[in-house]
Every structure is written in C-alpha cells, then in structure tokens.
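Note that the chains take the letters A, B, C and D in the order they are written out, and that residue 1 is the start of every chain.
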Amino acid sequence: MKTTSKWKLPLGVLAAMGIMAGTAVADDTTGLTDTTIKVGVMGPFSGNASSYSKAQIGEMAYYKMINDQGGVHGRKFELIEEDTACQPAKGIAAAKKLVSQDKVFMMHGNSCSGVAMAVKDIVVESGTPWIVAHAVNPNISMPPTPNVFHGVPAGPAYGYTMGKFVMSKPGTKNVVMVEHSNDWAKSYADPTRDYMKTKGVEPTMVLAMERGQTDATAQVLKIRQAKPDFIVASLYEAETVIFLKDLKKYGITDIPVMGAAGTDLENTLARIGDIDTVKNYYVPHAFIDTVDGPGMKKWNDMILKYYPGETITGFSYVSIGSAVAAVQALKNAGPDLTREKFIAELDKIKDFDTGIFATNITWSADDRHGVKESAVAGFVDGKPTVMKSWNQPM
Amino acid sequence: MLMQLTVSGLSQGAIYALIALSLTVVFRATTVVNFGHGDFVLGGAFGVYVLVVMLGLPFLPSAIAAIALMFACGILISRGFIDPIKAGPHIGFAMMSISLGYIFRGTTRSIWGREVLPMPRVFDIPPIFVGDLVITGDAMIISGTVAILLAGFFVVFYKTSIGKVIQAVYQSERGATLIGINVKRFHDMMWGAGLAMGAVAGILIAPISLLHPDLGAGFLIRGFAAMTLGGFGSLGGAVAGGLILGVTEQYAGAYINTALIDITSYLVILVVLVVRPSGLFGKRAVVRV
Amino acid sequence: MNQETPQKKRPLSQNGRIFYLVPLAAALIPFFANDYLQFIVNMIMVYVLVTVGFNLVIGNLGQLAFANTAFFGIGAYMTAILMTYAGFTYELALVGAAISGGLAGLLASVTALRGIRLYYLAIITLAFGELMRWVYIHAEPVTMGTDGLPLPDVTVFGMSMHSETAKFYVFLLITVLVVKGTSNLLKSRVGRAILAIRDNELTTASLGISTANYIILTFVWSGSVVGIAGAMFAASTERVFPESFGLTEVIVHFAMVMVGGAGSLIGSVIGGVVLTALPEYFRQFPGMEELFFGAIIIAVLLFLPKGLVSLLAKVSPLFRERYFRE
Amino acid sequence: MSGLLNLSGVSVHFSGLKALTDVSFSANAGEVTALIGPNGAGKTTLFNVVSGYVQPTAGEIHFKGEAIQGLTPHEVSEKGVRRTFQNGGLFGDMTVLENILTGLHVQINSNFWGLLFGTRKADEAERAAAARARRLLALMDMDGFADQQVKSLSGGQQRMVEIVRTIATEPPLLLLDEPAVGLSPPMRARMMEVIKRLAGEEGISILLIEHAIDLVMAGSDRIIVLNSGQKIAEGKPAEIRENREVLEAYLGYA
C-alpha cells in the first residue's frame, strides 16, 4: 500500500488543522475587541435594486457619526459592507462570509426581503444578533427567533398604515390596487388588502404594472371605468411617476392614490415637475418629517457629511432609527459586552424615541416587530405634510 | 376605450418600431443581431441627461450631440470590436454585442445605480381631446418625430443614391466590393446609423419613463418581438411589427390581464417563431447554418 | 470490425490520473475551509456543471441558445416542488430535476430542428427563459412567487445535508460523475458527431450520421446536466427564488463558457471555477459585476477566442481536447 | 436496370433553367464510372440529385433496384450512396484521426448508456475503431498525419483525408467530386491509383467527376459525357476518345 503511506502525513496534518479550526467556535464576544465592534452591513450595493442601498448608506453614516463622537464604551464600529445584489445566492455567500470569515459581532442591514428570507436560517443558527433594517417581510422576524430583530415597520405595519389611511377617508368603498409582481410590492399590498378586508372592503380590481413599463394607459383606462374612491399603488419610484402622469393624462386627478414606502413626495414631485399631478398622492412615511422638512435637516446633514453627493430620498432614513436603538442597547449593555447582554438589552427597548421614526420602537422576546405603525405624508395646500389620517396633519 | 388604447399603443409602438428598425438596419447590413441594443438605446438617453441636467446645455443641441455620440460609438463598435472577430464563429458577434451592452449598463449603474433620474420635460404640449379620446402631448411628439424620421429613412433608402448603394450591399456584399464600395466602411456607417436611431428612441421615451439602468432589457426584447412579428430583416416589417406590438400590449393589458403587458413580447416571439417563423411580412426566415 | 486484441489491464493515462487526482485533492477542502469558503466551493461545483452543460450546446454543437438559465431554474424549481409537494427525497428529486431539465432541452432542440437556428434560436430561447421566470413569479400557489419556495430538510439516503460539508461531498460525487459521464460521451462517436454537426451539418449527414438525433441528444444532455446543477443550487440555497434565474445569470453563464474555452470540457471546469471564485474575491467592489463579466468576455473574444484552456494546451497536452479513446 | 445505380430520364429544372435534361445511365458494381463534361454541363447537379441534395424534376433513380429519388441526403446516405464535396467537407476543428473516426461512426457498435458509463464493451468498440482508422490512413500512406489538425494539411492531403473518411463509411457506392483538382502531378497520379485500388481491393464502386481527362482515361472503367445538361456519350475510355461529338463539345475541336 504505497499510496497510503504517501498520503498519511499530509492527511494527518490536515485532520489536525481541521480539528483546530473546529475548536475555534464562535463565542459570545465574537467580533469584539476592546476598541472595536465589528458590524456586518449587508445590502444591495449593486444590481437592479441598488437604489435600496441608500438605506445602508444612512445607517452607516450614523455609525460613523457615533465613531466620531468616541464610539460606545470606547469601542468604535468597524463596518463591513457586503453586497447582496438583491440576489439570494449572493446574499447567502455574504451572510456566511460575515458569520464565519469576518466573524462579526452583529449584523445590521438587509434591504431585500427575498435575500433576508434566504439568509435567515444561517444567521439564526450562528446566533449573531441581526437587526433587519429595511426588508419588510414580516416572516423574517416572525415567529420570533433568539437573535433577529425587525427595526423598520414590517409589511403588516405599513399595510396597516396604508389600509387605515385609505379607510380613514369617509365613504371609501371602491378601491383599486396597482402593483408590481415582486416581493417588494407584495409586502405592502398584501397587508393593505388584509387590513381593508377587516373593514369589509375588498379591492374592486387588482392590476399589475411591471418594472420597466413605460406606459400605464391600460391600467388607467380600467381605473377610469371602475371609478374608485381610492387607488393603492405599490409601485417603485419610476413606475409611480409614469402611473401618476398617465392618471393625469386621462383626466383622473381627483382620486387619491396611496403609494408604498419607497417613494417620497419631494422626489416624486421633482420627477414629475407638476404639483397638479401629485397633489392627491400619499405615501406611508415612517419619519417625523418630510425629506425637505426642518425635522430631517440634522439627519440630512449627517448623511451628506459622510457621503457627500448622496441624493437623499425616503430610503435614506429607513435604517437610521434602528441604528439609534442599537447604539442605545449597546450603551445600556455596559463595557463588558457580550452578544447575550446585547440581545437582552435590545429586548428591553420599550417605546423608544429614535428621533427619526414617527413611531417609537418596542422590542420584546416574543415580539420582534419593533415599529408597529407609520405615519402618512401627503400634500396639504401644496406643501408636503406628515399626517395621521385623512385630513389630519400630525 | 378601444380608440384610446389604440392611440396610446401606437405611440408606444412608434418607439418599438424605431428600435426594431435600428436593429434591422444593423442586421441587414452586417448579419449581426445586436443583443446589446437595449442598452445602447438607453445610452442615448443618458447622454442627453448628462448634457442637459449635469452640464446645463439646451435640449436640442444636447440631443443632437448625444445622437452623434452614439453614431460614433457605433463606428467604434464596428471597427474595434466586431471587425476583429469576423473570422471567428458567428456566435462571437452575439456575445460581443451582449457584452458591450452589459458594459454600457454597468457603466450607467456604477454612476447612477442608486438613483432614478428624471429627464426634464422639453416640450409641454397640451393634450387634444377628441370627444372622449385624449391624445397626449407625449404621444404627439413621439409619433410625430418617429413618423418624420421613418419617412426620411425610407426616402433616403429607396429614392437617393446613398440608398441605392445601401441596397446594393444588402443584396450582395461581394458584388458591392466589385463596384468599388468599401464594405468595411459601410458596416461602420450602418452600425453608427443603427445606434443613432436607437438613441433617438431612448431620448424620446426617457422623459416619460425616467431613467434607470434596467430599462434596456425591456427595449431589446420589444425590439426583437417587433422584428420577429414583422419578419426578421424586413425594414417595413420592423416598423409594422413595432406598431402592432404596441397596440397588442395595450389590448392584452386592458381586455385580458394587465399582468400580460410585460410578457406580450415574449409570447409574440414564441408564437410567431413556432407558428410562422417568417413573420407577418417576411419572405424567408429559416436560416440554414 | 476486424479483430483487435484488447489490452487486458491498461494503466491509467496521464489524463485519467489527473481526472481522479483533482477531486481527491478537492475532497480535503473541508479540512481547511470555513463555512463561507465551503459555500463558495459548493457554488463552484454548481457552476462547473452549469458551464459543462451550456458549453455542450454553444461550444460543442455551436448553437446559440439562451435557454440555459431556463434549464437551471427548471432544475431548481423542480427539486423544490418535488420535495415539497410530492414528498420526494433529495436524491429522487435530483433525478426529477435532471429529467425535467432534459425535457426542457428536448423542447429547445425541437425548435432548433424546425430550422429555427442562430439568432432565431437565440431570441426564442431568450423569450422562453424570461417566460419561465414570469411563470415562477405568477404561479404563486405552487412556487410561492417572489417569496421563494423553501426546500424541506434536504437529506440524502436518510442523512442530513444541511451542513456545507455534507453538501460538499454529495456535490463532489455528483460533479465527478457528471463530468466523467460527459467526458465519456464526448470522447466517443457521440462527441465526434456533435462536433461534426457544428462544423458542417450536411457533410455529417452524408456520413450516415443522423444529425437530428444528435442535436436532440446534445440539448437533452445539456438540459439534464444543467437541471442537475439547478437541483444542487436549490440544495445550496435551501430556498428557490425567481430572481436567481434572470438576465444577469445569462451573461454569467456565457462568460464562464467563453473564459474557460468554448467547446472544451476541461475549459468548462476551468471557466466555472475561475468565474465563480473571482467575483467572490472582488466582493469589495460591488456594482462592478456587469462591467467585469462584460469586459472579460470581450477580452476573451478579442485576444483569446479559445479561452484559458487554449493557453494551457500550449503548455501541456493534458489540456488538449481529444475526441477518441485509445 | 442492370447496374448498381440506374438513372432513367432524370431532369432538373431550376426556375426555367434546365440543369439536366432526360439523363439516363448506369454505374456498375465494382467499377469506376467517370462523369465528364465542360463547366456548366450539369455534373455537380447530377451528383446533387443522386445524393439527395436536389430533387429531380422528372425521372427515376434506382440504387440496388430501389428508388431513391425524393429521399433526403441522410436517407440516401443510409442506403449506401456516399459523397465527397468539391470544397472539402472535412471537419476543420478535428484531427485527421477524428475525421476518419467520424466516418466510421455508423460501424461503431455501442449505445448511449454504454458510452456514458464507459462500459468495457463500449470502450473497446471505440478503441477498435481508432485502430481501424489508423489502418485506413496507412492504406493511403497518411498514418503520419493522424494527430494533426486538418487545417494544417495541404489541399491535396485534405482531399485524401476526405476520401479515406468516406471510404471508412464502407459505402457500396462512392461519389467523388473532382478528387484530383489542384493536386500536384505526382499527387494526382497517386490519387488515381488509390481510386483504382479502392474499386479493386475494397470492392467499392465509384462514380467520379473529374476535369483532368488524362486521369479519367487512365483510371476509369466507363465514362459518361454530359454537355448542357444532356448526356451526349457513354462508353469505355477508348470509345469516348473516338467519339466525334465529344471531341467537338468537350475536347475543344472547333
């Protein structure tokens, strides 16, 4: 058996290395040193959903600001960006890299629900605390798992907001829905439908409008025939503009349109350039003020300080609130940080005012949907205004 | 509703027609199907965006400059990327054009990936109302521009001496070489013309659709569907195919299901190639290789 | 046939030795790799098979078909569907994936045989692939649409395949078997017939070879191999999403074939390995993927039309493709 | 209807152009039959008709007593009529050996599964074929080129390879389209020798198009002369040499 003896030595060495590698298991202080906290930031930095990654930009600006203020208990955040391209397979690779190669202390990010769902098991098994800061699929954090927290209004929260707003207009009976056939749109549209159903209203019509379509005539003409009281449009930025323009084209300017989070009034107005077309457009708005409002100025300044030239949209703010909460929990956990303590502190966050979300964050071990509701923004007298319900400014 | 759908379908179809025609021009001249064309169409629009929004130039000169730029790009592609591999298998052309398209898309994405860019509205023509029918300013501008362009194209193609030369080369490259036409330069020109025409389509649609890097794929598929429908390689067929496709999308969306709008082109391609590969107006379709 | 004296026991050729050495060496990877690297290595095997399958159609047969992404997606979805709804075990679902990939290949070949060739084939298969993605999204009751269809616990012969290491050994076995089988086919009258059709279909027919049968065979075999890759992909991600099978995937597959070497089996393996590993290595520069794959294909077309394998073939005859056995 | 191949009243018209008009002749088993005629006489069309690439407008073609007109090239080839091409039909990306092996395709006794799994039987069938291919090459003194890429050979060598490849299919009837064109004089002589040997030793019947009259006269058993799509003469070389009509039409006597 000449071959066996030839292989014996290298095999033995390899086996020994394997055992050694195996003993270096992740413990509770993985990703920590006395001066650093490693945070994995996954987001769609490339690919066709890369505009979502504005959320990660905002969040990282916040962490960088904390670093400039001296960090938390002497530890500064070391941010490790990982691109998911909004593709599940790439996201899995990114999550595995953060968990088993970079060995981060915590993860904060994720924009695409599909990717978040794909990596969920990996993150849960690794025990890495994970704050989902943009993806809205409620099943990412429901049923609760020990280490996953939702730091944005999840789909049901947005759906609740959108549905509630639509129904708060007196006499809403006839609702038409227009949506993309993707997980993003569904995560808004489905809970909205569910909420409206509890009020006894089923959409009269559900119309598809796919990404990249440059015309909405067919949809708008069908809407014109249906004469709805309200339109729920779960459309991405570009298609929202096309849809609103086509509504205007065919003379439908008096039917209110409820959009999904992801568009904001200022940018939509800027893209359309005509207040008449957008005056009846409403969007869920999870934040205390509109993009150009005074309440957001300090956040805008913060983002632009670290990312000069970034165009600020509603996406930019999405993940900042949960970063504020995370930093608070880290402060509360004290200098002898462990993952266990951090998670315990996150669960102690109750009715926490982040200074950016319109709604406070509350986490507990059996409910990880931190943000339960959102406000709505719409034009009042031609000015973007955050409001609670139909005709009710905040 | 039918009339309204038809009007809007024709306006969309005009764009598809222009894209299909620009694909056909290159295909007929060089036997290369340009799989990167969708992204080149968008390239024209991005060019205008840079000149108008970022550099603050007026629209019309910017549009002309962007079209000229895409014409130059076409020549560059023909000279620098297609000509050097003409000895290789035909598959290489397809891959080259796809890759060039991806380079375009990757470039736009790395610059504007996180943004959806608004194109400024240049002509704000009020809509015309004919009874219940609305003919929007956009529809008028698009169909008007395309109609003028097409008329110009076919006049040049069938009535002028340049057109005669083009037709001669379409008929037989070897013959053209014999009568002293520089076929290589002709290929360059046709690539340039194809990209320039595509750029016009992009510039026309961008103010309506906003700009983001992923629009190209949709343009490409619609161009293919229009070409297939009209008969691959037929110039008139490409135009007719584009118009029919635009209207079909609208009818399918309004009368069957709005989810069908997006796949109308795919269905058209599958059905036409399986049932009648020569398309509605084409003569020969089956290529023996 | 004249009487030949078959040699009783032949020593392994140098080629053969390499063939077994590479996977043997690879079998040691789990001793070094962390979970992430192991996942990448597993993905490498998925893409090796994707490339092997794709190369048969575009490289060996010389047909421009874009249906590869469709085969890939069909394999992955079939695996998830068979396991979820029919209670298949993974090893059975894998067979199902191979068969459904093969059937999709059959469909593509029928189109090719109807005289729809070259660009027509490219366009119709492109449409087919996108249509399949539309189906994954809209056949929600079955595919769960854009939420993705999760796989039940993946087990092979009763053993859990959840860990990356377990997946690795299963994938390694599958990859070796499929590559060896493909190599066997290519180094025989089948491989020569396919190549002959690419060169000149009429001449091939004149030699009494049924070209139609071999065109069908190539597409079916290609579809099956890529279907198997799809099944491995499904096991790897444990949840199947429509976005995984979009247009970006098309250029990735093309790049893998071209970089490795069109029409070369060894090239497929090289292309799959290099172009799965390199983008991971370049993770730090997100957004460059389209530029990267686009540029790399152009560079290969212009400067190295026969791919990396042609460089290696200059160094060692081991990398020269042979279509016969001696 | 005595010959191996019988043509009776074969006509081919291409949209008004009469490429062949009422051509009848026979080619006998074990003989070399040559087709001659000036350019445009219809020789290549006749080959195309026989091998199924062109359908006759009228007339019948029988091979071994079986009608073969209207069959596809592949079906004709399966019946046993194999041809070479004027512009070389070799597979350029293969080596010489692989080309010959492709010719041996139908004789390799193996099935898909055997090849896939590399069973001993399939393996041996493949290996035996490779050995036979090498022997066929040796027959033409081409064995030294076995592992060379076809592209790297001279035109004459390529034609040799093509003929060997067609012979490898063991055709009852071999159609050779100008096998000697462009060859150097010694190669031409060698080519004719090989052709004769094929008919004699391997028992292959040959139908041949050739321009070089000297070769045809020396190498063939019977000659058919075509002019303007019509047969103007038929007979042994000696008879053709004496035929006035042929001399006028073809050999250039004005």
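We take it that contacts are C-beta pairs under 8 Å (C-beta built on N, C-alpha and C of every residue); 3 or more make two chains touch, one makes a residue touch a chain.
A quick note: this is a predicted structure, and the numbers were derived from the prediction, not measured.
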{"item": "Each chain counted as touching subunit A and subunit C at once", "value": "B"}
{"item": "Distance-to-centre winner among chains (Cα means, whole assembly as reference)", "value": "C"}
{"item": "Where subunit B and subunit C are represented by their mean Cα positions, the distance between them in whole Å", "value": "33"}
{"item": "Inter-centroid spacing, subunit D versus subunit B (mean Cα positions, whole Å)", "value": "49"}
{"item": "Centroid distance [mean C-alpha coordinates] between subunit D and subunit A, Å", "value": "73"}
{"item": "Subunit C and subunit D: spacing of chain centres that average the CA atoms, whole Å", "value": "40"}
{"item": "Sequence positions of subunit B contacting 2 or more other chains", "value": "109, 113, 217, 259, 262"}
{"item": "Overlap residues in subunit A, where contacts from two or more other chains coincide", "value": "46, 50, 181"}
{"item": "Per-residue overlap in subunit C, given as positions that touch at least 2 other chains", "value": "138, 287-289"}
{"item": "Touching chain combinations (by label order)", "value": "A-B, A-C, B-C, C-D"}
{"item": "Touching residues (chain side subunit B, partner subunit C) in the complex", "value": "27, 33, 35, 81, 84-85, 88-92, 94-96, 98-103, 105-107, 109-110, 113, 217, 221, 224-225, 228, 232, 259, 262-263, 265-267, 269-270, 273-274, 277, 285-289"}
{"item": "Of all residues in subunit D, those that touch subunit C in their complex", "value": "51, 53, 72-74, 77-78, 82-83, 85, 89-94, 97-98, 101-110, 112, 115-118, 122-132, 135, 165-166, 169"}
{"item": "Complex interface listing, subunit C residues touching subunit B", "value": "58, 62, 64, 111, 114-120, 122-124, 126-128, 130-131, 134, 138, 201, 247, 250-251, 254, 258, 262, 287-295, 297-298, 301-302, 305"}
{"item": "Interfacial residue positions of subunit C with respect to subunit A in the complex", "value": "28, 30-32, 34-37, 39-40, 43, 137-138, 145-148, 164, 233, 236-239, 241, 243-244, 248, 280, 283, 286-289"}
{"item": "Contacting residues of subunit A [partner subunit C, same complex]", "value": "11, 14-15, 17-18, 21, 45-47, 50, 81-83, 85-89, 92-94, 96-97, 99-101, 113-114, 117-118, 121, 137, 181-184, 186"}
